[in-house]
Amino acid sequence: MRIGFIGLGSMGAGMAAQLIKAGHEVTVWNRSPEAAAPLQAQGARVATTAAEAARDAEVLHSMLANDAALREVVFEGGVLEGLAPGAVHVNHATISIALATELVERHAARGVGYVAAPVFGRPDVAASGNLQVVAAGAPDAVARVQPLLEQLASRVWPMGDDPLRAGIVKIAGNFLIGAAIEAMAEATTLTRAHGVSAAEFLDVVTNTLFASPVYKNYGGMIAQERYTPPGFTLALGFKDVGLARAAADTKRVPMPFASVLHDALLESLARGDADIDFSGLARVAAARAHLED
Amino acid sequence: MRIGFIGLGSMGAGMAAQLIKAGHEVTVWNRSPEAAAPLQAQGARVATTAAEAARDAEVLHSMLANDAALREVVFEGGVLEGLAPGAVHVNHATISIALATELVERHAARGVGYVAAPVFGRPDVAASGNLQVVAAGAPDAVARVQPLLEQLASRVWPMGDDPLRAGIVKIAGNFLIGAAIEAMAEATTLTRAHGVSAAEFLDVVTNTLFASPVYKNYGGMIAQERYTPPGFTLALGFKDVGLARAAADTKRVPMPFASVLHDALLESLARGDADIDFSGLARVAAARAHLED
Amino acid sequence: MRIGFIGLGSMGAGMAAQLIKAGHEVTVWNRSPEAAAPLQAQGARVATTAAEAARDAEVLHSMLANDAALREVVFEGGVLEGLAPGAVHVNHATISIALATELVERHAARGVGYVAAPVFGRPDVAASGNLQVVAAGAPDAVARVQPLLEQLASRVWPMGDDPLRAGIVKIAGNFLIGAAIEAMAEATTLTRAHGVSAAEFLDVVTNTLFASPVYKNYGGMIAQERYTPPGFTLALGFKDVGLARAAADTKRVPMPFASVLHDALLESLARGDADIDFSGLARVAAARAHLED
Amino acid sequence: MRIGFIGLGSMGAGMAAQLIKAGHEVTVWNRSPEAAAPLQAQGARVATTAAEAARDAEVLHSMLANDAALREVVFEGGVLEGLAPGAVHVNHATISIALATELVERHAARGVGYVAAPVFGRPDVAASGNLQVVAAGAPDAVARVQPLLEQLASRVWPMGDDPLRAGIVKIAGNFLIGAAIEAMAEATTLTRAHGVSAAEFLDVVTNTLFASPVYKNYGGMIAQERYTPPGFTLALGFKDVGLARAAADTKRVPMPFASVLHDALLESLARGDADIDFSGLARVAAARAHLED
């Protein structure tokens, strides 16, 4: 299949590589062109503009950083106009419900399919094709891209016809990750204040009641107080909690944990921790209790 | 070994049964004597007072409901005085750090060993001898009771010499459970408001990122909105979050998630939900957003 | 002086009337033209577009509802282009720091003076010319409009050269009002649960320690549980707390009270209370404790 | 009248002096006897035990620091037993609802009158006899002590027959003070981050909307960042917010502002600020935003 792939960050690069490996004809584009080189070596064609990557694509994948980037590239950068009627745009990025709504409308208006397919998993998981993909969109569009999604995923979770449904699952899932980190941050500050190290405590709980990837991964970093290199930065965590809060505001859903998380994240950013890992939120809880870092 | 076991609630009964099954000579006691009958049928001797159960015991296990019950039975009910010098008291209950401190001092003063061995796991897990046991106390006392703990546990987590260390791990662990429930409550309220049911959302996350017992068990009840019969009541959850908060106050540890949890639990109790499952906290999040229950 | 006044809501109408009474030549405009009639009777000229009201004005006052209205009228509706170089725009509305920043830049680019002059006070206070006005802008522009501001105010509080400084004072002041309401809501729920009515409690505190307009006014409504007609709606309170939160986010200022307030306001809106008075937030606190309304 | 007065701290000393000045026969007692000397110079008799101060008193006033002190002196120190049947105990201290309940029962059992008469006002206000006194108790007991209370107060607020009603008014009032401080702390941190000093902002609001003693006094200290000498320490503020929270828990009243306040106070104590003024809570808000102190 002729595929376009725009957005080759740490996630997108691995995903595009999977599609190349599966034998598809892939044209890639990235704002800073260096990121395209390794994929070119694997057989990708490199477009000089995003619109060019969209032009001949039967399916266009996008994995851009945030609302602003997507808006700029898709609406202003000619991607939507470049897509042929009948093509399908598969958007993997985590975006606001507001932008998702607009994307649905504008793709429909142009007769281009739109599938929301946000993913759970860190870059190494993306690179090995083992993401969890949540997918929603018109049934025929989803059916068409299903084999591609399976290439990227250890499992594809169908969420029905409405792309917004996939979006809210991703947003709520990321909130749940943030809440797990804050909970571990507070719990380990409590145990430390009573003489039990974060590592000792997390060893027990993340191997028993909480033996799951999120607790093990982020908990492991908290246990070691090693927050660089980041798997996922605090700045991105702040963005994602913001998406949850915006989605909650729209529907009048009070989320006090999200509010606490927001305040803790602001404090992290005020400390200058924007570029460390999301799990580095644990520093805030410790600082509030005046424990040594 | 001659063992005493006091406190035969839904957890204690299963634990005592395991010790009987292992061939120990077990004397049991419970405030309301009906609970002792099934164990008598399994071979236990039934004491008429807690002190009597303590009298000849080489090791006394206790699994009482809360600080007040333990205080009444152990200090006022003659258990501590009844224990022979050299005996060991293994306390499985989740109690306050303040009472734990007092227990350590008073057992030491009488020359009786004291091991804190709180457990993670629901009643069915207790009955099958697969609890997670966190144990701390003087090394010789712990060594003596280690085989008994292994009878109860799928794993015994050693936490060192100081019984308070086992206590804080248990308290912080229970806080982590409460936080996971509140996080799921808020996340599912958010998805429901956007048209994705709690069951659909939790199916994705509890089988991937959050594939762990706590998320699966409590999440399962939230998905089905089925909060009775309770595995662990909201009233007990309220008590346990209170223990975390008291332990935090002592050491000046701000825990904003614990505060939110406390407020949500108060609202649950004000609704009249004390006797439903801890996961029923999800009703509060939904009520705040004025979603149908 | 030739004055334009756009935005004749419950606040603006009273303010414009003060300027007419002082003998100025006032041209008014309002989106729904009925609001202009009473002012016409008092001697105002009525413009058919906002731009027309701006055209000949030496000083243009605006008192529009929110960012969107101001943006539409001033930028898209031709007001800014209509103002003569050397004219001064006095903006009384409570707006976001982001929009304020943009207004400053665009007025400067056109050589039009810009004074931010947000006001504290309810409609009856506006009508009697006794507002508290916080004013900031270039010294010559402020000097020019000072007599007009004094017409509207019992006191004008100078805040320096930078219009953003007046804006943040207004935003922080409104947050303080919201916090006072939530504090009274919680305090009276507590006393009611212990048998002391809100009226009994507030009678004591609002005549002693808290004998100030905000506590007396909003407290009076809470004491009587009479939230209509609204002096200032919950929907507007929600908007203003949002402005505080946005301003806080920009500078990385954690504001946990603002977060609690936001969550309580969302719950108010979810209840359907958008159009009652801001003090009706007290219903949420009572509902959480399951007290009768 | 023959009066006993126990507890001569910064509040009690000024109150006792007022009673002496009014011509009563006053016997005073304080744990550390130095505090009694100035009152002796004014004509008081000095008792060597609290029980002795109670023995001949027609009315016994107490103004002790907290629950523990009152419990020790009144129950264990022989004060209650020392009071003659028919005497009245007027308790001015801010105590828990739990202890107040016990005091009511035990005084009734001994046939001694009990009036709860907590006070609002700082030490200088106490010394000048201008406190706000909230009084509740059996009508005849209250009537008997009314002239004494008027000696201490600029106004006595009658709260009915049940002493607990006066207690909850005091507790809720102190919560309201704490909330006002936290609100000012957050608001001034926000304005500072945007270039407006705390002094500039508070000058506007505490002379207009919030022109009341609490905002002026505590706001004045925040404006000057001068938290010593304390009028009322953070440690006492922490105690009082704790009383509000305990009273709320008993009746299942969620108070999210009280929870935030509690967490901020814990952070203050963790910083080592226990002995500075309650208004020093503002340091926490500034530290969270990483503003210079």
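Structural remarks
Labels A, B, C and D are assigned to the chains in the order they are written; within every chain, residues are numbered from 1.
The rule is simple: contacts are C-beta pairs under 8 Å (C-beta built on N, C-alpha and C of every residue); 3 or more make two chains touch, one makes a residue touch a chain.
If you want to know which protein each chain is, UniProt gives these names: A, B, C, D = NAD(P)-dependent oxidoreductase.
What you see is a predicted model; the values in this text were computed from it and never measured.
Separation of subunit B from subunit D in touch steps, taking the shortest path, is 1. Common neighbours of subunit A and subunit D, listed by label, are B, C. Relative to subunit C, the chain whose mean Cα position lies farthest away is B.
Between B-D and the choices A-C, C-D or A-D, the pair with more than half the same contact pairs by residue number is A-C. Overlaying subunit C onto subunit D using CA atoms gives a rotation of 180 degrees, to the nearest 5.
Distance between subunit A and subunit B, defined via averaged C-alpha coordinates, is recorded as 37 Å. For this pair, subunit B with subunit C, the centres built from the Cα atoms lie 53 Å apart. Look at where the CA atoms of subunit A average out and do the same for subunit C: the two points lie 40 Å apart.
In subunit D, 248, 252-256, 260, 263-264, 266-267, 270, 288-290 are the positions where the chain touches two or more neighbouring chains simultaneously.
Contacts from subunit C toward subunit D in the complex involve residues 97, 120, 132, 134, 155, 157, 159, 162, 164-165, 168-169, 171-173, 175-177, 179-180, 182-184, 186-191, 193-196, 200-201, 203-205, 208-215, 244, 247-248, 251-258, 260, 263-264, 285, 288-290.
Put simply, subunit C touches subunit A in their complex at residues 248-249, 252-256, 259-260, 262-264, 266-267, 269-270. On the subunit A side of its complex with subunit D, the touching residues are 256, 263, 266-267, 270-272, 288-290.
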